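Order as written gives the chain letters A, B and C; numbering starts at 1 within each chain.
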Amino acid sequence: MDIVYVIDILGTFAFAISGALVASKKEFDLFGVIILAFVTAVGGGMLRDILIDAHPINWIGDLNYIYTILSAVVFTFLFKSKIAPLRKTFFLFDTIGISVFTLLGLQKGLSFNLPAIVAIIMGMVSAVFGGVIRDVLSREVPLIFKKEIYASACLSGGLIYLLLRQTPINDNLNFIISAIVIIVIRTVSVVYKLELPKIKDNVFSNK
Amino acid sequence: MDIVYVIDILGTFAFAISGALVASKKEFDLFGVIILAFVTAVGGGMLRDILIDAHPINWIGDLNYIYTILSAVVFTFLFKSKIAPLRKTFFLFDTIGISVFTLLGLQKGLSFNLPAIVAIIMGMVSAVFGGVIRDVLSREVPLIFKKEIYASACLSGGLIYLLLRQTPINDNLNFIISAIVIIVIRTVSVVYKLELPKIKDNVFSNK
Amino acid sequence: MDIVYVIDILGTFAFAISGALVASKKEFDLFGVIILAFVTAVGGGMLRDILIDAHPINWIGDLNYIYTILSAVVFTFLFKSKIAPLRKTFFLFDTIGISVFTLLGLQKGLSFNLPAIVAIIMGMVSAVFGGVIRDVLSREVPLIFKKEIYASACLSGGLIYLLLRQTPINDNLNFIISAIVIIVIRTVSVVYKLELPKIKDNVFSNK
């Protein structure tokens, strides 16, 4: 499905802009902006490929990722004041991007003959860890550890995909259904501000 | 020695709980708790395997690590208020775990024909860097860089193991002796609050 | 060129001292000082080798890096009060080191048949990411993302090197010219406090 590649690139573009915006809030210079856009956009897939020994890793094997990221940085510099009103559009790209990153990561895991649970983790790593690396480099506690039901969306979509693979459903249809599951869970959780449970008691507190 | 595998899993369990507890103090959500438990428990061995190109890496090659970590997270959620009184038990698991992580990491390094000094470093990385990654992700200065004689225990035990390998001592006995050295140094250093020396003067200070 | 190897080692020594000094400012203990010296000195090349699957990675394949780093830590402990007056000497080592790290990293990328843009990135990663890892581990926002035209020097030198490779110029001469370009850009930018542009508006601010 070539449409998947297009969405992959659009998602990369949206992720890179998110990284560039965080960097600009932190007053990073141009170099810092590029690096943060870069790790946000391809950091998850890069970590996945290192973990499963898939070389050349994502952005080394396909230079379009680098060009997409550099375009996103230029775009952010040029249109920075116009991005805020476009928030919803970017949220859409971002969310569709997450769903595709998750399922492509999972498929890559399966193609390397990894056990199902590891493949699901690889889907989640692909979608989520770019943001984690972004937050570590900009000295934030990773957002995803505290606020959004984001990883849960990826895990649920990955699980649906694996379950439907056991049925006679066509793989392309399965991909679409699973992607929609991820998109819906993420959108609903952001709109209704759903959160995962926390371990409430500070068990080692001195009081 | 199957007992070593059992201790490896118990150590993983103790490390995962330590990660889950740090995450709960930081008010991470369930996903954040799992990730922090995960990197604390298997992050050291994962880094070692990436550095020496040992694929599949630890938790991909043996799913028992994943199951152990998930069990530890469930355990922490269920019994969180009862863990504090069990601190000494966990310290024991943790300390025995460190000794086994160190020696297994060192043995893996040797089995990859690495030079002795690199194998010792790999033992130390296996035991120590899970905690370092935990601290980086939860935005703490890595504890181990400041307080505990912990890495020193691992280095000493690794050195003893390599020295005794040059003697006719049986390898299993050597493993036990070296593990005890690590356990004793760590326990003594914690009980007596021993610290490593620091470079005192702030040589680049403006005063 | 054996002189390149000597400069590589001198640069490693200078980088290791810079890591040890940051660690001492942070009141890390001896272990923390060694780790920070280590990642500062060889972290960039280590990341490069992991990304391009070049095993054994830098410091595992050549033990001289480890010995150099340990010597640098001992040197820092012994002569800490005398290092400040030597700042200019260390800046020189550091800057020459950066130029050699960049070009050696780039050459390694080319020898792995990577596309030119990836090879340039690898040169930059080799020179820059040791400092990034140092800053992450000591809980600083990476300095390089905010202040110095440092990566730009590496990128410019890498570009010059690749361009001159298309000409009949001898490779050794090319190496020297490109190294001088890096050294001059860095020195000029530090002396005149040049900075890269930033994305000024906080586009997502609430005001």
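Please note the rule applied: contacts are C-beta pairs under 8 Å (C-beta built on N, C-alpha and C of every residue); 3 or more make two chains touch, one makes a residue touch a chain.
A quick note: this is a predicted structure, and the numbers were derived from the prediction, not measured.
> List the interface residue numbers of chain B and of chain C, divide the shared ones by all numbers used, and answer same when the ratio is over half, different when under half.
Both copies touch with mostly different residues.
> Rotation angle for the CA superposition of chain A on chain C, to the nearest 5°?
For the C-alpha superposition of chain A onto chain C, the angle is 120 degrees.
> Can you check how far apart chain B and chain C are, centre to centre, with Cα atoms defining each centre and the answer in Å?
Whole-Å distance between the two chain centres: 30.
> Mind pulling the residue numbers of chain B that touch at least two other chains?
50, 53, 136, 139
> Which part of chain B faces chain A closely enough to touch in the complex?
Per the touch definition, chain B meets chain A at residues 20-21, 23-33, 35-36, 46, 50, 53, 55-57, 60, 63, 66, 76-77, 80-81, 83-84, 136-139.
> Per the contact definition, I'd like the list of chain A residues that touch chain B in the complex.
Residues of chain A touching chain B: 50-53, 114-115, 117-118, 121, 132, 136, 139-142, 144-147, 150-152, 195-204.
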